[in-house]
Amino acid sequence: MRQPENSAVTPPVDPFSALAADTSARVLRNEWVNAEYKLIVLDAPGLAASAEAGQFFNIECPVVGEDKPFFRRPMSTYAADAETGQVEFLYKVAGAGTRGLATLLDGQTVRILGPLGVGFTLPEHVRSIVIMGRGVGLATLAPLAEMAHRRGVAVTAVMSARGPEQVLSVDRFEATGAAVEIVLDSDGTSDLANVEAILRRLHAQGRADGFYTCGSNRLMLLMKRLAGELGIYGEVAMEQQMACGLGMCFCCVRNFDVDGETVSKRVCWDGPVFPLAEATSW
Amino acid sequence: MRQPENSAVTPPVDPFSALAADTSARVLRNEWVNAEYKLIVLDAPGLAASAEAGQFFNIECPVVGEDKPFFRRPMSTYAADAETGQVEFLYKVAGAGTRGLATLLDGQTVRILGPLGVGFTLPEHVRSIVIMGRGVGLATLAPLAEMAHRRGVAVTAVMSARGPEQVLSVDRFEATGAAVEIVLDSDGTSDLANVEAILRRLHAQGRADGFYTCGSNRLMLLMKRLAGELGIYGEVAMEQQMACGLGMCFCCVRNFDVDGETVSKRVCWDGPVFPLAEATSW
Amino acid sequence: MVDLSVDLGRGLILANPVMPASGTFAEGLARVIDLNGIGALVTKTITEELRGGNLTPRVAEVSNGMLNSIGIPSKGITYFLEHTLPFYRQFTAPLIVSISAPTVDAFARAAARLNVPGIAGIEANISCPNIEEDGKAFAMRPGTTEQAVSAMREVTDLPLWAKLTPNTGDIAAVARAAEKAGADAVVVANTILAMSIDIETMRPTLGNVMGGLSGPAFKPIALRMTYQCARAVNIPVIGCGGIATANDAVEYLLAGAAAVQVGTATFTRPNAMNEVIAGLTEYCRRKGFNRVTDLQAALNAEMLIPDVMEAAQ
Amino acid sequence: MVDLSVDLGRGLILANPVMPASGTFAEGLARVIDLNGIGALVTKTITEELRGGNLTPRVAEVSNGMLNSIGIPSKGITYFLEHTLPFYRQFTAPLIVSISAPTVDAFARAAARLNVPGIAGIEANISCPNIEEDGKAFAMRPGTTEQAVSAMREVTDLPLWAKLTPNTGDIAAVARAAEKAGADAVVVANTILAMSIDIETMRPTLGNVMGGLSGPAFKPIALRMTYQCARAVNIPVIGCGGIATANDAVEYLLAGAAAVQVGTATFTRPNAMNEVIAGLTEYCRRKGFNRVTDLQAALNAEMLIPDVMEAAQ
């Protein structure tokens, strides 16, 4: 029954090996890429640098003046290179936490917990994918384009933004050989009807046997509808407020539609990448 | 009876004039004077610079890393010059607050509330005083020597310390023309019997019609006993933990002996300088 | 122009909803700020009899807050009327006198003595031990609250506020008891009992072992209690606990408070009350409220679900 | 060598006095730290039936702490025994399963189902609403506490802990009721009900309006309650609330706790429990304690005065 006796001082049977680490990372660069976004490059060797596309980190943001972030802030891996030991995040300076993050100077350290969560997958049958994102969602998707490239999967990136200044990481996508299509609010090309036409065209051209999206509820719903109609495999990277990032606190739940049933899942643990077919509006 | 009607929107009758201010002071210098003490020189014009000997300030110490002082920290005026607008504090780096204070760099600002409390007095009949202090108590007493000098009152300073390095502000005392006697633990001269002998000698020489002390309970008790025996007027500057510094919270009370009765007084409001005759051991 | 005035009942109208919390304010503040700018003045609690207060140390710092075990040192009501009251008569802001007593009768006796010019209202600090009930504070239970407030109500026509303790399992019930007994307002809340230990000396940091927590750390608890009380009673609720900025005060007003008290913040920023008043005006202007009283009904309640005591678990 | 082991009664001996607080720990932590170093493992509260949990947002930041209104999403005991328990069987640290139920009988039914290998003890989260008593939490009152604990005691020989709520006026009385009913230990305490409001959206920050405060801001309150309970009962008290560092844990042990739980701190520092364990050893060594249990009697009590509920005012 209960086993208090043997429960005390026995040493661990297997030596412990971690899958994620709370790394004290050193800032190499922390620069503005446009008026709202900064790119931070960290020296974070070990497990951190093994992060895969779609995985994220939970970042301890510094206390600065009246900004006293208590929780860590989740951020997608913008780049991780196991060889150089470098990890990068592209982030929008929004509230207390990201304002604090933005103050970090070269040489300072920051604790990053990760890699966390389930990243993107490229099933065998998928040979040519469409990656569609908006805003900071593009940061999450850039490593996917590189992963696809390494696996010989063709990529078309449909990048949505308010105006030309808000289109992030075109170069990252182009460097992988991805075909890039930019749609903007400023010239009306980002409207749903036009985007739908683009997606249907790509599908007709045989360039869309996978849909991947992040950063916009509207675009996600569009892709989900088309994926359903056209029988395309799809994945979406989700956001939700987080505390632990490790599946422990259950604060980051969202509802998913699993075979017609509404199921609550933890974005940090079951995701942040989910089957597009299961996603519901947020 | 009650007067709710007229209590609302009437403008103040007299224009308000403050007696103390919460000054945002600019750091001019913040330097180590020995291994434990720092001197901070502030640009703090206005009321702050009018502080008199024995008055103090309540200082907002910065939050630095794990050091998160919630209360302000009381510090005696080490110097205040209404003409230059400069205010100085000599402080021992001890706990969270003073460690924070010690990190302030030239050009940064710090809020100092003051001048606060009741300072030293030199009654008419007092023509020749003995100032005896130990440790940081000497910081509190230095401005008294200058005040005495301005009033033509002769000063003998008996300065007690562990060793020669801990004797603070000898130059300040000497610049006023005070006779300085140094007693040390390291050579045994600071022991009570010897100090008592010095005080009796000074009295016999007519150099002690006032006793002033700060910084040591032991020395205070000695002076109090001799003052009683020899009929000498005396004052002591006291310390006690403070929150408001303005007589509002009643945390800084000590017991005093007023005509044989034990009376509780607020150190920040009724003092920090008290008649030696009323002081009790702390 | 934003109208900051608030009506706290029985004819007591304040120019603005900001006042000091009892025990965190005294004559000394007049050396630093203009007291006429404040909505009302609230004295440290006084008692009929002379009292000494607790052992030192009486305060300690904790994470984003403080503990105090000042107790209620008091020179008695006679001294107050003769020596302290005249000082406050020079100010236009109405004076609220905080009183405390160890028995129901003593509360009534104390209240009766305050029917004098210059006193605009009474705040009954019923968060103090009731010696007739094992030393439990009056405000820990509805019954003893009702007794104490009723007894005072019988002897005074002054505005009468009951200051509640957070050290109770059901503060809304206590607020309802105070209302029923004739209180014109409830003040929510006094400090919550807490403790800290110096691990070097291995002693409690307070001479009294335990003491009351106040300051920002306490705010979410007192705000919750303010919200619960505002929904439970029809008299004004005066919110108190951890208010240091105008934003904090706005939270309380949105939670349903009619006015607020600023306590501990004045120790660390003597100008805190004035900053709160200025910031409130600015907030109302920015959000388009013409009257500060409009905030009381502005909480976006569309998804409010029934008030469950244990929402937390 | 400092002996960190603690005896929590009924044969349950932990290698060290540090464990996670329920709801702040799950399988995920094993990805980051070695769970075998921890004194015990405590699960998120489970219920017999399936439950969904509360609306989002479920957490909010406050000054030096957090609010949560997670609720108790649960896949049920059957799922737990089949899918979760096997995971924990790989660790040597004893597993404590936290359970909750809406009625006394349901508590007993749940407890009875845990007499299975791999479960070393039960923590009864009685800080949850009792649907037979107006939704008031069992642990708000001694009577309902005694009923729930007695019912569980009858059906299990496992170590049985009662986790108390701070949302009560007299936690020492509740702890005594738990002891009387046969609890082997009390855990002090669950989160305290609190609230915050987003002044821009003018909405409560939590979907559930109110939620529980935890983290450093809560520490002085939970420490006081731990001290009160430790003086009131003879069974071990497990301290919980705002522990983030070894120094915090030392405060609890000096206040009389036999062991401690680390909650919120693990969210911001996943290695917090290990740091607490290492720091405890170091503190004992520095202060000359051979056994961590010696801390329980080390509070310098020479000036301790009687325990007054309202020491604060």
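Each chain gets a letter, A, B, C and D, in the order it is written, and its residues are counted from 1.
Following the convention adopted for this analysis, a residue touches a chain if its C-beta (ideal position, glycine included) is under 8 Å from a C-beta of that chain, and two chains touch if they have at least 3 such contacts.
As the structure is a prediction and not an experimental result, all values here were calculated from the model.
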**Prompt:** For chain A and chain C, what is the smallest step count along a path of chains that touch one another?
**Reply:** 2
**Asked** With chain D excluded from consideration and all other chains held fixed, what connected components does the contact network retain?
**Response** A | B, C
**Prompt:** Farthest chain from chain A, comparing Cα centres?
**Reply:** B
**Message:** I'd like the Å distance between the centres of chain C and chain D, where a centre is the mean of that chain's Cα atoms.
**Reply:** 32
**Rounded Å distance between chain A and chain D, as computed from the means of their C-alpha atoms** = 35
**Fill in**
CA centroids of chain B and chain D: separation to the nearest Å works out as 48
**Item:** Multi-chain contact residues (two or more partners), chain C
**Value:** 62-65, 68
**Fill in**
Among line, ring, star, complete and other, the chain contact graph is line
**Fill in**
One finds touching chains in the pairs A-D, B-C, C-D
**chain A contact footprint on chain D (complex, rising order)** = 5, 10-15, 23-29, 31-34, 36-37, 40, 44, 52-53, 56-59, 61-66, 68, 70, 73, 90-94, 115-121, 157-159, 215, 266-271
**Item:** Sites on chain A touched by chain D in the complex
**Value:** 1-13, 16, 18-22, 60, 68-72, 96, 111, 113, 240-241, 243-244, 246-251, 253-254, 264, 269
**Asked** Okay, in this complex, where on chain C does chain D touch?
**Response** 45, 54-55, 62-65, 67-69, 71-72, 100, 125, 127-129, 135-137, 140-141, 165, 167-170, 190-197, 199, 201-204, 206-213, 216-221, 223-224, 227, 242, 247, 250-251, 254-255, 283, 298-300, 303-305, 307-313
